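Quick one: the structure is below, questions incoming.
A, B, C, D and E label the chains in the order they appear, each numbered from 1.
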Amino acid sequence: MEKIIEVKDLTLTYENDDKPTLNSLNLDIERGEIVTVIGKSGCGKSTLLNTIAGYLEPTSGEVLLNGEPVSGPNWKLGVVFQNNALYPWLNVADNIGFGLKMRHFDKETIDKRVTTLLEQVQLTDKRKDYVFSLSGGMRQRVAIARALANQPQLVMFDESFGALDEFTRNDIHDVILGLWKSLNLTFFIITHDIDEAIKLGNRIMIMTPDKTSQLKVVQNPYFNINSDNIDSNYMKFKNSILKQII
Amino acid sequence: MEKIIEVKDLTLTYENDDKPTLNSLNLDIERGEIVTVIGKSGCGKSTLLNTIAGYLEPTSGEVLLNGEPVSGPNWKLGVVFQNNALYPWLNVADNIGFGLKMRHFDKETIDKRVTTLLEQVQLTDKRKDYVFSLSGGMRQRVAIARALANQPQLVMFDESFGALDEFTRNDIHDVILGLWKSLNLTFFIITHDIDEAIKLGNRIMIMTPDKTSQLKVVQNPYFNINSDNIDSNYMKFKNSILKQII
Amino acid sequence: TSSTNDKKTTEVRIGILQVPNDVAASRQLKYISNYFDQEHIKVKYIIFDSGVDANKALISGDIDFATMGDTNAVVALTSKIDAKLVWVNDVLGNNEGLVVRNGSGIKDFDDLAGQKIATPFASTSHYSLMMTLKKHHLLNKVSLLDMDTQDIVAAWNRGDISAAYTWQPTLTPMLKNGHFLITSENLRDQNRITANVTLVRGGFERKNPKLVSGLLQQLNKAHIEMQKDPNITIKAASKQMDLSYSEAKSQIGTSKWLTSKQMVDDKFLSETFPEQLYITGKFMSQQQTIDHAPSKKEINDFIADKYVNELGDD
Amino acid sequence: MNSKGKKNYWLITIATWLLIFVAWQIATSFRMVPEILLPSPEKVVSTFVKLSEYGYNGIPLWQHFLITMARLLSAVFLAIVTAIPLGLISGRIKIVYSIFDSIIQFIRPIPPLAYYTILILWVGIGETSKVVLLYLAAFAPIYLACISGVNRVKDDYIKSAESLGASSKQVFFHVIFPSALPDIFTGIRTAVGMAYTTVVAAEMVAATYGIGWMIINASKYLKSDVMFVGIIILGITGVVLDQILKYIERKIVFWSGR
Amino acid sequence: MNSKGKKNYWLITIATWLLIFVAWQIATSFRMVPEILLPSPEKVVSTFVKLSEYGYNGIPLWQHFLITMARLLSAVFLAIVTAIPLGLISGRIKIVYSIFDSIIQFIRPIPPLAYYTILILWVGIGETSKVVLLYLAAFAPIYLACISGVNRVKDDYIKSAESLGASSKQVFFHVIFPSALPDIFTGIRTAVGMAYTTVVAAEMVAATYGIGWMIINASKYLKSDVMFVGIIILGITGVVLDQILKYIERKIVFWSGR
């Protein structure tokens, strides 16, 4: 499989901090997979994402995107934040088209791509609405569409669904998996919900606060499974992950 | 069993609203039980809690506490909110002792009871700390201790744990169940997490937005069960609840 | 206030202008303090920048006496302030005048047309300027600027204005690169008199006529002294105002300090000056600066000349 | 707060004003206070009518009003076009901030009247000094609001834009500026308030028209009726101005607070 | 914002001030501007020393300073003790709000100088009118801050207190008041700023001491050195005052913003 991201011996120490938050960390992300990351609060999940996305410069080691070092934020790496960071002064269509506009695409191309994305996230009728009139779930769908508009190589989510209630979250999971299947996308999803990590991840990465150098990667038998078909081992599997986290 | 709360034909219509939010609703809460309430956002869970707690006056019907109508907020009905509503200008001990102070208990009694509560929620060493220095989980424990200080007949939680991450939430669940067992308390817990509703509720109440008059009450075989012992039917049970909600 | 009703007056409050006048001289010469000490009354002086503020203080009852230009006295009269005019401190001379900048091309009054002329509104200078402009049919041909004296100097220095009607000490620096077109002394000669006067608050006057006489007697002493030997008086006034002798002398200029005897003998306070106030009032009301022209009767009621008449016998 | 029973509270407000008016009428009709301290309502109204018809000092009342507004608004306009760029850049670039902030913090609290004479010495008695005085009063609020606006821009907004391919310049114009707009508007409203408070001071020197000048001039002749008319005009204008600004604010930063 | 490489930015601030000082020095040394427009730094310093030693108009400089501060602080004190109760009650009780709010909204924007004469006619030329003028400038900011503070009290704070057995009175004193405190402090800081801006105006009429009076008086004699000393004193005091208030604020409402 083709490697999109290679994280090599990545160490990140924050300024004024004595101990590194990430310590010689290694990780590959391959095209078409969904990696979910789970770990306790403060273990360094966001730090890892920020480094891959180019917001933070590695103290040592490197992050490669298609073999090239990441030297800063890049439209090829999309990010969706927890509070979706949609721009309230723009309507839904303009939010989704924001990246394309910044990259000087012409109006027609933008319009066309926005229309397609609106269909894909089922928000065609909200095109001209402003963000404040949308529900939490709709906002997340707009944020996802915005991140996809640039057709990035990898889309990363930083606990993007944590603020949604369980039912809305389920809907978003379906949107994510639907897009993944139809568009052959690659996702990197940080979560603190084990069920979510299991449901969405081809691979589940467990991050522990003390020895972050060792990412435990778990192959996930329950990926994308219909919840009616879950067997009695599901709870055991879930518990085994829970125990590794603590 | 002794009925603490009787909700009789409760109808509540908000001002400027044409349809009632709660419609001829009936519900009893017995001493020593934990009732968990689950339902979609906007179905009226908080409205029900606000009416039981005396913050809202029923449009028709009534809420009885020990056979007497509830005519306003009352120290016998404790409430814990999502954002814990702890007072940032008071330290942990003063927050917990707030209700007793308002009710003119003497300083010694307050001190003694606060000390006991701090032990029960395992925060003895945080006595003099201010709320802003505590983690989310600790804050919720202080909020629970504060609600218990008055030794209320019923303690109600309105999505109190929704903002906590899964691991902290598990800890709080243990605190809740621990207190329930040792002090023989009665709880009324609103949640939008089905696992939480199953874990914490002797009885699970399902609220649907359209016909709120009919509360579906489900007997819960998995109450307080150790997650290692969960059988293959758990997921089926969970799914059956999920389907009733939608 | 300290002088209400039955209580004995224990303090007298005098509103003063910061100029070397009779009040300054009699203060320095201890005439005033000696008199009031002997009456067991404290004297408090309150400085006002203009009669405008002094009038406000008379209304609010914060002062008992106030010295001001006669135009402000007319304002006090027409605003029905409970006060009486009891004294003429000085009849203005060349210590007020219209200065024009050298080299500004203004040689005669007609050259003023189209110019900016500054003056402190509501002052005697303002009135004198307006009278002059009217006489030369320039009233609507110049733009008048209402400025305090310090701002006039600033504007003059910057060259923002090339003419101003104002008084000493402001005139001195302006005369360095300017000259008089007309002074209040010229106007006086043309029978357009302006003067600084003292008003007494009605409530005080009715209750303490003796104190009014007493104070005027002290001021009159300075006037007599001034006419006998100006040097002593000017020196005293200069010392009081923290000025050099020559500064004080030029600030006093040709203003006249009439003694009570002169005021009586020349019928100054009973005829000449009321007539001037009448003209002033009429002019000001034409200018709509006051809402009605005071009648001769109003003016006669306003001027309480009995005190000067008593003193005049001395 | 109390959702049970909403009364028509504006009736109480109207009643309050009626009460004030009646008390004023009574106090003046029965000569309880001298005319000069408190002119009667009729007198104030008739003075207003007179001023509107014949003007004050030969200049119609509405011209006094317009010139005052013109001074105010041109000063605020100048403050807006200078303080917003400087404030936004200061908020973003620490060096610029270090250069300007302490100077502005130093000048800000100084009462305008304290330096008015110096200002006149520097720029003269014409319109310039008046507008500059108002400008100085209006500058700091906008500048400070911009800085706090920039500092409050959500980090995620900037990060998102960067990941979507925006350059630094694009981030500045397409994210930072609109993000800070609600704060900027609050700043502009404060600035108008500050300049408005200074309007009378500005017209105290060498003016011959303007509502502020009219009040000052009337006070020299103790015309309390004119002063009352002027004060009431300033009061009403102040309220109206703020409402207009609030309206514009709601239209432009419609998303704010939602 | 930028976490890479933090420079010592205060060095830039110091450099800026040094530059201003040097420019000032050069401009005056080479007589590029007349002394009266811009007195030289030495002159300002020596005037300051002279004023400190011999005083202005016979009164020591520190006494001028203290009297101004005394006027300012007593006005602010009066505003605090009256505006806080009225504001909190207005925020809580709609009827009280309906009575007072529109009056205060009407008076608030009126420039203090506009009504100073009326005020003097009413309460005289003594300390009262000066303090009342400053008081009126300080009142509205505190009042408005209290109302917005009360309106922003989290509903859950009040509900919790009620469920914990607090009476309405207890809710007011133990929940609403402390909740609104951070806003009240912001209001007090604004109020001090507003009153401070008015300090020179207040000392313009019939004063014989005070820094504001000193500046006005010096301006009559075009003593620009004294004016500069006064202006610099007002500038520094303004900054120090705000810092002191911020310090007190941090101590008292230590929880705010955390």
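Here, a residue touches a chain if its C-beta (ideal position, glycine included) is under 8 Å from a C-beta of that chain, and two chains touch if they have at least 3 such contacts.
Which chain is which protein? Per UniProt: A, B = ABC transporter ATP-binding protein; D, E = ABC transporter permease.
Only a predicted model underlies this, so the values are computations on that prediction, with no experimental measurement involved.
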| item | value |
| --- | --- |
| Greatest separation from subunit A - chain, by CA centre | C |
| Pair of chains ranked first by number of touching C-beta pairs | D-E |
| Centroid distance [mean C-alpha coordinates] between subunit C and subunit B, Å | 83 |
| Intercentroid distance (Cα basis), subunit E paired with subunit B, Å | 48 |
| Whole-Å gap between the CA centroids of subunit A and subunit E | 50 |
| Two or more partner chains touched - positions in subunit D | 36-37, 117, 121, 216, 219 |
| Of all residues in subunit C, the ones touching two or more other chains | 56, 59, 148, 150, 154, 157 |
| Set of subunit A residues in contact with two or more other chains | none |
| Touching residues on subunit E, where the partner in the complex is subunit C | 36, 117, 120-126, 205-206, 208, 219-222 |
| Residues of subunit C touching subunit E in the complex | 46-49, 53, 56-57, 59-63, 148-150, 153-154, 157 |
| Subunit B residues touching subunit E - in the complex, by the definition given at the top | 53-55, 72-75, 77-79, 81, 83, 85, 87-89, 98-99, 102-103, 130-132, 146-147, 149-150 |
| Touch list for subunit B against partner subunit A, complex | 40-41, 162, 165-168, 192-195, 227-228, 230-232, 234-236, 238-239, 242, 245-246 |
| Complex interface listing, subunit D residues touching subunit E | 1-2, 7, 9-10, 12-13, 16-17, 20, 36-37, 92, 94-95, 97-103, 105-115, 117-118, 121-122, 193-194, 196-201, 204, 212, 215-216, 219, 224, 227-228, 230-231, 234-239, 241-242 |
